[in-house]
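Each of the two complexes below includes chain A, the first together with chain B, the second together with chain C.
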Partner chain A sequence: MPDYSWPAAEQRSLIGKRISRVDAPLKVSGRAKYTYDVTRPGMLFGKILRSPHAKARIVSIDISAAEKMPGVKAVHIIQQPGSTIQWAGDEVVAVAAVDEPTAEDAVRAIKVEYQPLPHMVSDAEPPAGAGEAAGPLGEDDIWDALDQMPPAEVAKQLGQYGVSFKVTEDLLEDMKKYDVPSEVIEAARKATYHEVKEGGARSSYQKAVEQTQGDPDKAFAEADVVSEGVYGLPVITHCCLESHGSTVEWPDKDHLFVHISTQNVSGIAGQMAEPLKTPAANIHIHQDHIGGGFGSKFAADRWDITAARLSQKAGGKAVRMMLERDAELEVAGARPSAYARVKVAAKKDGTITGWQSQSWGTGGPGGGGMPPIPYIFTIPNLRKQHTAIRNNIGPARAWRAPNHPQAALITMAALEDTAAKLNMDPLEFFLKNLDITGPRRDVYREEFGVAADLMGWKEKWHPRGQNISGNIGRGVGLSLHTWGGRGHESHCDFTLHPDGSVDIKMGSQDLGTGTRTCILIVAAETLGVPLEAIKLQIGDTMYPSSGGSGGSTTIGGVSSSTRRAAVDARDALFAKVAPSLSAQAGDLECVNGTVRVKSDPSRSLSWKQACAKLGAMPLTIRGNNPDKSKPPDLTNSGVGGVQMAEVEVDTDTGIVKVKKMVAVQDCGLIIDLKTAESQCYGALIMGISYSLYEEKIMDRTSGRMLNPDMQFYRLAGISDIPQLVVHMMTGKGYDERGVVGLGEPPVISPGAAISNAVANAIGVRVPFLPLTPDRVLAALSQKAGA
Partner chain B sequence: MKAFEYATPETKEQAVSLLGASWGQAEILAGGTDLLALMKDDVVAPKRLVNIKEIKDLKGVTSSAEGFRIGALTTLGDLADNANVLKEYPALADALNEAASPQIRNLATLAGNLCQRPRCWYFRNGLGLLPKSEGGKDLVAEGENRYHAILGNDGPAKFVSPSTIVPALIAYGAKLRLVGPRGKREVPLEKFYAIPATETEREHDLRPNEIVTEVIIPPAHGVMAAHYEIRQKATFDWPLAVAAVALTMNGSRVESARVVMGYVAPVPWISPEAEQALVGQPINAETAQKAADAALGNAKPLSQNAYKVQLARVAVKRAILKAGGAA
Partner chain C sequence: MREDDDPKKPSQESSGVSRREFLKIGGITVAVPLVAGPRVVEAAGEPVKVYGPGKVPVELTVNGKKHALQLEPRVTLLDALRDHLDITGAKRVCDRGECGACTVLMDNKAVYACAVLAIEAQGKQITTVESLMEGETLHPVQQAFVDNDASQCGFCTPGFVVATKAFLDRHPNPTPDEIRRGLSGNFCRCGTYHGIQQAIAQVARKGA
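Take a look at the complex of A and B:
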């Protein structure tokens, strides 16, 4: 059996080193082609008429004037009269025209009559007594309920309230496919259908059943200290610098060719097949580079399907349909909000004994689930209850580490408040309670030690509010986080050519994280050749499928499939070469561009000479992950990270400046230390942005987003980014775990660490992110009044 | 963006003749940093753009006994680098250097900055300058007004004046020269701004067929001035409060003072109360605080922006101390 294991530390010449990304020259010189840059012969430009109302029924649509305009090649009604709009900016009609101004003129010429309906865009705390979701369940309600309550409760609600739609066999089949328990499927089959009048019979509030563990009442009764607080963070957007969209064409009536900005090259064709009634095999997807996704670009979106329909109507000509900035922020994804009233019980020595929380938040029309609170810490006695708010702010999408930043902020802020109440250094308090953090507690302990040194925690930490001089308060804060990160399914074709060239084809994508570089490092390390000797092709459905880049699953997947293929290819080459070196295949190694005998390196062939022994045909190997037939498992799951933040707060203006951040992170065996560190730098910058600036601000009267732009949807600029210190845990205890993903974890803690640092600096908790001057000053005046 | 006519006159007179008699017909294109964004967002849709960049006598700066003359087309970047500005008008230099980004300062003109439209997010989203719901509700008063006016907000206008440079120019006593079909006129900058009462009015006294030709700042020998701006982000962010202060001293005591705030009212807000509080006083933390309190004494915050009263107070106080050399 070939040895697929990762090479030992002393044998690695590339893996784990700091290697610059291979596509850097393309990107910094502007030569990298993003989907937005794609132009096709005779390309048309798509534009969409969007609803100005947050909730409305479409009464009538008149596209006749638009259709007659010169230069307009296709008009497509996306939502027919009678449809109900659920958020402002929702797509109603699309046009394709010879240029953008003509398309915009055509959009303006379309007349849509709406009947506005009452909307809600708030995610304020549910009023007392609100909460029971009376009325029949919609399809989304059932899926949401399955996330939030035990199956028996879902079945009970289906029996009690019925459904607001006709349950189809397709839905029941889908439920089976997703392992929905049979009692729920049966209840759905039998559920009574009730017609729902507009305005909605169901409450905007979906109250999940209360969850209890241990004996919370006793824990709070016996606690030495009970800390209470309210914490939360608002809906934010993904704000991808390259907006969502695609350029879609029909080269002939049966085949579709799609350039799309996506995190999921291999998955898109299947998603487009059904609505377009075209076999997935006839759909060709391509993407070279992507300008950000952060979890919002896994799907073929309605505008992509629409682009295909416009192209069809325009005789197959390519249609470019990229979202405008305002639409990008309004409709192309948002992170759900989360707020909680929390009580924590603790003993005098700092031991956490109890947790109680009432939480709420919104993910738009679907409501959304409860973040995993309390986060990381398994508190023995707890009671928690969550209410999801369904409103008209537009749909939520996965945002880098879904639900974790919310859970971290709520938990770590509540625990830090508890430490403050105990007059304990939070570092000491968190260390004391690491025993209830589960399998990564020793990692956290080690990481906290490293982070404390890098931050200078001992010198910088003072009890709350005791480091204010003049109008400047200084403080430090910390947080910790976890994530899975096991490698996804990935396949590649790995080819050695008789002329010595090597190519790899894989249907993966590089989100800017260094995926290309890492695949090449694994291949080059295995073959003993330089990175430049290998040609890598990704981003196309012509290549073997590889999973979507989400949940920090890419690096584990692509590195494992590449390693297995490279080892097999190398060993096959050894077998061909062995006779001419008068050696056994097993005695050969490839080092520095040669194939040689381990025991006698003077017996060697150059890489080119060795490959010539392949004969006339190239050698192609399929590499797979997972692959139980080719052990060991090369990837793993579960990481821990800790972060510390140092801030300065102007107590007269409430303006927060982050002065320094430290991130200490493990992720198993690191393929490229440089791009791994870059992931952490990027996450810290993104974290500073959502801690201080970002918020999707909705106008309650018009139901519109007020900051769908880059002037009031603020992102941190270069002057707002302080010293960032990143330390990756490597070596013994880490490397042998295999490769684990890193995309999500480092973005989880910044909000909590910065919020805690601000509380430490000014002596009072600012309950909600972002930490804007109005909120900081309000907290300070409350403290002064207390 | 809707289709429009594009005219490039070479003289002021031609430019004036190409402008319309009422707002909405034509817009003046100079740096374009504000106008083009408004057009792309369909907030304004002029039938004609009058590009004035080819008019030679709108460019350049000169110093004379009457003061410092700045051509309307002078970019913020050029002005910020001007030796005379750095030496004679440090508060203006600070305001210029803190405005927008270097890229924008290299394009944006001084007159364009003075005439830019409000940054109110209701206005920028096409909901109107004095936004009302169909049912007649005041969207700002009922809605998201965290960045809106705390002074001069009794009427329907609740946006804040957008220029961060105007307060310093007013503090220095700057005047504007305008030209229209009936010839030239001169307006003190402090009288140039007006609070609109209807959607069709503008935020200033420029008539639809007038252009700004130059800005004159009187000599500032002996004037101690400062600009102070509170922004959440370190750079390239709209401020939450701006203050500019100009003092003349008699020994260690204030002889006369100008205190001007930006981003607090629909117009640049001059505070005679703060000015009176300073006259005859030395500059120290206590007198600066009293003047700042006086400046905001009449503030009437909306539902979400009480914090701006505090920020404006801090801006005034810090500007006074900075002008007095105490900070």
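Take a look at the complex of A and C:
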């Protein structure tokens, strides 16, 4: 049996080193082509008329003027009169025209009459007594729930509440295709069908069943200290710089060719097949580079399907349909909000004994689930209850580490408040309670030690509000997080050519996380050739399928399938070469562009000479992950990370400045240290952005987003970036776990760490993110009045 | 003002701007009859060229090469580059002068190409990220971005590279404060600012 395991540390010449990303030269020179950059012959420009109302019935649509305009090639009604709009910006009519100005004029010439209906866009705390008990789940509810709660909870709800529709085999198949865990599929199969009356108005509040463990009443009665607080963070958007969209054409009436900005190249054809009544096999998907996704680009969206319909009407010509910035922020991605009133019970020595929370939040029309609180800490006595708010802000999408940043903020802020009430250093308090953090507790302990040194925690931490000089308060805060990150299903074709060239074809995508670079590192390490000697082709449905890039699953998947293929290809080459080196295949190795005998390196062939022994035909090997027939498992699940933040707060203006952040992170065996560190730097910066600035602000009167642009939907800029310190845990105890994903984990903790640092600096909790001057000043004035 | 109110007078009609719209604009004193090229009106005491509303001839000099185009006057320099010349390094992100992804040089000064009309860019030297390489050799700023992993998804990168080059041309040895101010007109979503700061430090050390 060939040895597929990762090479030992002393044998690695590329894996784990700092290697520059291979796509960088294309990106810095403007030569990298993104979906938005694709121009096709005779291409038309698509535009969409969107609803100005958050909730409305479409009464009538008149497209006659638009259809008659010169240059307009197709008009398509997306939602017919009689349909109900559920959020502002929802798609109503689309046009395709010879150029963009004409398409814009055509959209303006369309007349739609709406009957506005009462809407709700608030996610304020539900009024006392509000909320119906959860009813049977609709199909959308199930998909929403899968995005927002653990599978076991979804399965439990299906069992408890049943479904409001007839579950079909098609749906169950779909679930399988999208890797829905089998416990959920089984629960859906067995779920009881309850008829729901048509038009029966649903309450805006869906109350989940209260969950209880242990004896919370006793824990609170016997506690030495009880800390109470309210915490939360609002809906934010993904704000991908390359907006969502595609360029779609029908080369002939049976075939579709799609350039699309997607995190899910291999999965898109299947999603377009059903609505377009075209076999997935006839749908060709292509993407070279993607300008950001962050969890919001897994689907063939309605605008993509619409582009295909416009193209059909226009005789198959390509239609470019990229969202405008306002639409991107209004409809193409939002992270659910989460808020909670929390009570924590603790003993004098710092032991946490009880948790109680009433939480709420919104993920738009679907409501959404409870974030996993209390996060990481398994508190023995607890009671928690969540109310989902169903409203008209538009649907939520997975946002980097779905639900974890929310859970981390609520939990770590509540625990830090508890430590403050106990007059304990939070570092000491968290370390004391690590025993209830599960399997990663020793990792956290080690990481806290490293982080404390890198931050200078001992010197910098003072009791709350006791490091204020003049109008500047200084403080430090911390948080910890976890994530799964096991590699997804991935396949590749790995070819050695008799002339010595090598190519890899894989249907994956590279989100800018370094996927291309890591595939090449694994292949080059295995073959003993330089990265440049290997040609890698990704981003196309002509290549073997590889999973969507979500949940930090890509690196484990693509590195494992590549490693297995490369080992098999190398060993097949050894078998061909062995006779000419008068050796056994098993005695050969490839090092520095040669194939040689391990015990006698002087007996060697150059890589090119060795490949010539393949004969006339190239050798192609399929690599797979997972592949039980080719052990060991090369990927693993479960990481731990801790972060610390240092801030300065101006108590006159309320302005928060992050001065320093430290991230200490494990992720098993690191393939490319340089791009791994960049994931952490980027996550810290994204974290500073959502901690200080980001909020999708909804206007209660009009029901519309007030800041759908990049002036008022503010991202952190270069001037907001403090000293950043990243430390990756590597070596013994980490490397041998195999490859684990890193995209999500480091973005989880910044909100909690920064919020805790601000509380430490000014002596009072600012309950909600983002930590804007008005919120900081409000907290300070409450403290002064208290 | 009074004499121009005569609706039979051709100058305003042929200017493509309705009289009613004209009257909304304060301070317009006289409309000058057409000559070849864009019509000129006097607004607030200054002569102002009036184009369109249909397509008009536009000549752009991009990366040293002249291009003759027919564009509606409302087309931005960015869209002219991307959709008419297939020069796509400058990206369209906010499309209203907020994010810097479309940064190009106009007569060596960094501008947001989405906030400049193509007709306004005539007679200027437009330089885009594509022209910074010399043959296959990256510009020192580009090389520093590669070395310091200053790109992830890369969509903001061309804008940042051009803005950085323009900034370093003016501030060859910037202080950290100057970097923060000088590059605050560009946004990144992946969070590559740390790498960008390192890249700038590298170029400043070596000299571009």
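The definition used in the following text is that the second predicted complex is superposed on the first by the 718 of 786 C-alpha atoms of A that agree within 3 Å, B and C clash if a C-alpha of one lies under 4 Å from a C-alpha of the other, contacts with A are read in each partner's own complex, and residues count from 1 in each chain.
In this text, a contact is a pair of C-beta atoms (placed from the backbone, for glycine too) under 8 Å apart; a residue touches a chain by one contact, two chains touch by 3 or more.
None of the values given here were measured: they were computed from a predicted structure.
Trainee: Let's test your reading of the overlay: on chain A, do chain B and chain C clash or fit side by side?
Mentor: Because the two structures are overlaid on the shared chain, the partners are seen to clash.
Trainee: One more residue to check, A:L777. First (chain B), second (chain C), both or neither?
Mentor: Once the two structures are laid over each other on A, A:L777 reaches chain B alone.
Trainee: Going by the contact rule stated at the top, is it chain B or chain C that touches a larger number of residues on chain A?
Mentor: For chain A, the partner with the higher number of touched residues is C.
Trainee: Once chain A of both complexes is superposed, is A:K33 in touch with chain B (first), chain C (second), both, or neither?
Mentor: Once the two structures are laid over each other on A, A:K33 reaches chain C alone.
Trainee: In the overlay, answer first, second, both or neither for which of chain B and chain C A:P101 touches.
Mentor: Touch status of A:P101: both partners.
Trainee: Can A:V59 be said to touch chain B (first), chain C (second), both, or neither?
Mentor: neither
Trainee: Is A:C240 in contact with chain B, with chain C, with both, or with neither (first, second, both, neither)?
Mentor: second
Trainee: Taking the superposition on A as described, I'd like to know which of chain B and chain C A:T653 touches: first, second, both or neither.
Mentor: First partner only, chain B.
Trainee: One more residue to check, A:S719. First (chain B), second (chain C), both or neither?
Mentor: A:S719: touches chain B and chain C.
Trainee: By the touch definition at the top of the document, which applies to A:S20: first (chain B), second (chain C), both, or neither?
Mentor: second
Trainee: Regarding the shared-chain residue A:N707, is it in contact with chain B (first), chain C (second), both, or neither?
Mentor: A:N707 sits against chain B, while chain C stays out of touch.
Trainee: Where on chain A do the contacts with chain B and the contacts with chain C coincide?
Mentor: Common to the two interfaces on chain A: residues 101, 709, 711, 716-719.
Trainee: Going by the contact rule set out above, which residues of chain A touch chain B in the complex?
Mentor: 101, 104-105, 108, 326, 652-655, 657, 692-693, 697-702, 704, 706-709, 711-712, 714, 716-720, 772-774, 777-778
Trainee: Contact residues on chain C for chain A in the complex?
Mentor: Per the stated touch rule, the residues are 72, 74-75, 79, 82-83, 86, 88-96, 98-99, 101, 128-130, 132-133, 138, 142, 145-147, 149-158, 161, 179-181, 183-184, 186-197.
Trainee: Looking at the complex, which residues from chain B come into contact with chain A?
Mentor: 1-3, 41, 119, 121-122, 124-125, 127, 133, 137, 139, 142-144, 146-147, 230, 232-238, 240, 304-305, 307, 310-311, 314
Trainee: Which bits of chain A are touching chain C when the two form their complex?
Mentor: 20-21, 23-34, 36-37, 39, 99-101, 239-243, 289-294, 324-325, 511-513, 674-675, 677-678, 681-686, 689, 709-711, 715-719, 721, 724
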